[in-house]
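The letters A, B and C name the chains in turn, as written, and every chain counts its residues from 1.
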Amino acid sequence: MMDRAIVSSALEAVRETSPLVSCITNSVVTNFTANVLLAIGAAPAMVDIVGEAGPFASIASGLLINLGTPTPEQREAAREAASAAVAADVPWVLDPVAVGALVHRTDLARELVTMGPTVVRGNASEIIALAGEGAGGRGVDASDEVESAFEAAQLIARNYGSVVAISGATDAIVSADQIIRVGGGAEMLTRVTGGGCALGAFLAAFVGAAKTRAVTPLEAVAAGHAVYSAAGEIAQEKASGPGTFQMHFLDSLYLVSTDDLDRIPLS
Amino acid sequence: MMDRAIVSSALEAVRETSPLVSCITNSVVTNFTANVLLAIGAAPAMVDIVGEAGPFASIASGLLINLGTPTPEQREAAREAASAAVAADVPWVLDPVAVGALVHRTDLARELVTMGPTVVRGNASEIIALAGEGAGGRGVDASDEVESAFEAAQLIARNYGSVVAISGATDAIVSADQIIRVGGGAEMLTRVTGGGCALGAFLAAFVGAAKTRAVTPLEAVAAGHAVYSAAGEIAQEKASGPGTFQMHFLDSLYLVSTDDLDRIPLS
Amino acid sequence: MMDRAIVSSALEAVRETSPLVSCITNSVVTNFTANVLLAIGAAPAMVDIVGEAGPFASIASGLLINLGTPTPEQREAAREAASAAVAADVPWVLDPVAVGALVHRTDLARELVTMGPTVVRGNASEIIALAGEGAGGRGVDASDEVESAFEAAQLIARNYGSVVAISGATDAIVSADQIIRVGGGAEMLTRVTGGGCALGAFLAAFVGAAKTRAVTPLEAVAAGHAVYSAAGEIAQEKASGPGTFQMHFLDSLYLVSTDDLDRIPLS
């Protein structure tokens, strides 16, 4: 059972420290990702060039590596950034988008995961595929249930020390010996591109800021999911479709209060 | 004269089958394109990496190749994806953005068109330039009238078996022996970037989903234009500028009903 | 003291001539940048491919080179485009995003500035770093005060003939022998990604359109800042967060009148 005071503390840490999050992410979601980070009070930067990605990652508060559209330049930059983050003890998030069937991202994800990302985030299909037990989903869909990925998630957590966040109807945050479930959220998030991808950057902000508090990566990831879900719920109540939802979601991230967090089931 | 029941059937097919659309498109419109596809009920994926673009195109329901910002990697990936789509009988849309004066895209567009895209979509200038009869427009403007491109469109349709969709005040959908005109639409769409580019992906969704029904590619393309125009009209009535328009347009695609389609002139 | 009639004239020039602005910019802000240009009445095009960037820049009304995510292909294309713009007397804007610590963009920015950009635009940290007197900011933040960059700006203005626009609480537009201050604006712009980057493209439109009037580049840049600030203020009054702000900002650019410009302090 997770203490709700920790969720509030993690959110305050982001807003007070404005963590600088370096993002290597896919070309579809760069803009939305940066806006999500700005809305919650973090400082986004996209540095995905070979020769710059490493130095920048080492001075950031957190790093996201998302493999949605991994060009050769980005693949090389991702390796450079991950190494730099590990060396500088900067928390980093790996989002293995659509791994399984597609060759470059699958090879790279399996290489990067051995470097011990602080967080691995994906849907059940992706987590299963990354662990090597399944064939992945079709694109970015979640065609597996969250529960079906628990074994794969724990395998990754034990082998590489990562917190594994599985997105689904109820999200599950998995460490080697614990599982936290975060409910709530908005179905409409699945009608806006980048909902999951931006969450990866969001988690990098929370884990980065948590270093300034007595909040563990597991708790920070659960807190990030809870805040994201709360903002999603508020936005969905106001939205009449995916256009208005996206707008209200950014406003809700900006305005979300610790009271709003009480609506999110957390166990 | 096109039967309106076919438009409704084509729309239902998209919503019921949620076609997976692989997009190789320009860096300006990736996000909007994905959101347009999600709003109508399709599943977008942007796979534009050499070595991944082909395998993914072959399992998709439809493919878009848009030449707006064709990096060397994308040019190679486009060839790979087009070949795979042809081999796997996956419908594909070619959008020859700004062909004519600019060398790489013009060469590539003329190469790809010979592979027989299911649909070629562009403004009159682009269709004329692709057919080799003109010098293209300035960027993505439509400086020629739709009618002026009929001859070029029919040439492409006859030589390569493509349906050619010409965007303008009244859109024209041209096959070797037929022309369907689709009216309506929103002038405000020209104040939002990616209106035409996202339409290309939208058409890939409609043509892909149409394979599950007794709807021809010509009909599916006309239906896609009609739905897009109807959503544009509804959004324009609610908008006070391009910012509110973009938001309402995505909502309208999500909400558009077969009744709304009656407002669109179709002949 | 700048004449407000010149601001109105510069805005009218953009709306009446619809300047074609070629943008080589970062992957985070392409979409927003294009939408900002469309909202004010300019015509955006992103041509950042080697072999196309030069020819296109030479026929454009204005060119933006923004170094936010400078891939090798973009770096080469930027050199090609700058040379073509200089040769064809096309006004161009250099935005040296995050120069200072990061190697590729810093080297390239220092090379490009010697080619004499019509406008250099950045925050104080970036202007100082470009002039070689400081170490740059952390990412895209403005950690220096505008005034602290006056000396660096005047150095650039004198050496290369550029107008230097420094963004901050009060913007300063600096030439070799003049400083214009533009106040107003919206704090919320710092919560939306690409506010500064899109301003660079916006200035390219203003300077390009100014060639058709008796408006100098210095005046056009000040006018562009004033229009941008006015639209920002109007949007902020209507917004409840960064999502609604972004939408209202695009609407405001579309709707902004010369009367609205009176609210912006200009000296």
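In this text, a residue touches a chain if its C-beta (ideal position, glycine included) is under 8 Å from a C-beta of that chain, and two chains touch if they have at least 3 such contacts.
Keep in mind that what you see is a predicted model, and the values were worked out from it rather than measured.
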item: Rotation in the CA alignment of chain B with chain C, degrees, nearest 5; value: 120
item: Interface residue identity across copies chain A, chain C - same or different by half; value: different
item: Between chain A and chain C, centroid-to-centroid distance (C-alpha), Å; value: 33
item: Residue numbers of chain A (touch at least two other chains); value: 27, 30-31, 246-247
item: Chain B contact footprint on chain C (complex, rising order); value: 20, 27, 30-31, 34-35, 38-39, 43-49, 51-52, 55-56, 59, 73, 246-255
item: Residues of chain B defined as touching chain C within the complex; value: 26-32, 68-72, 98, 101-105, 138-141, 190-194, 240-244, 246-247
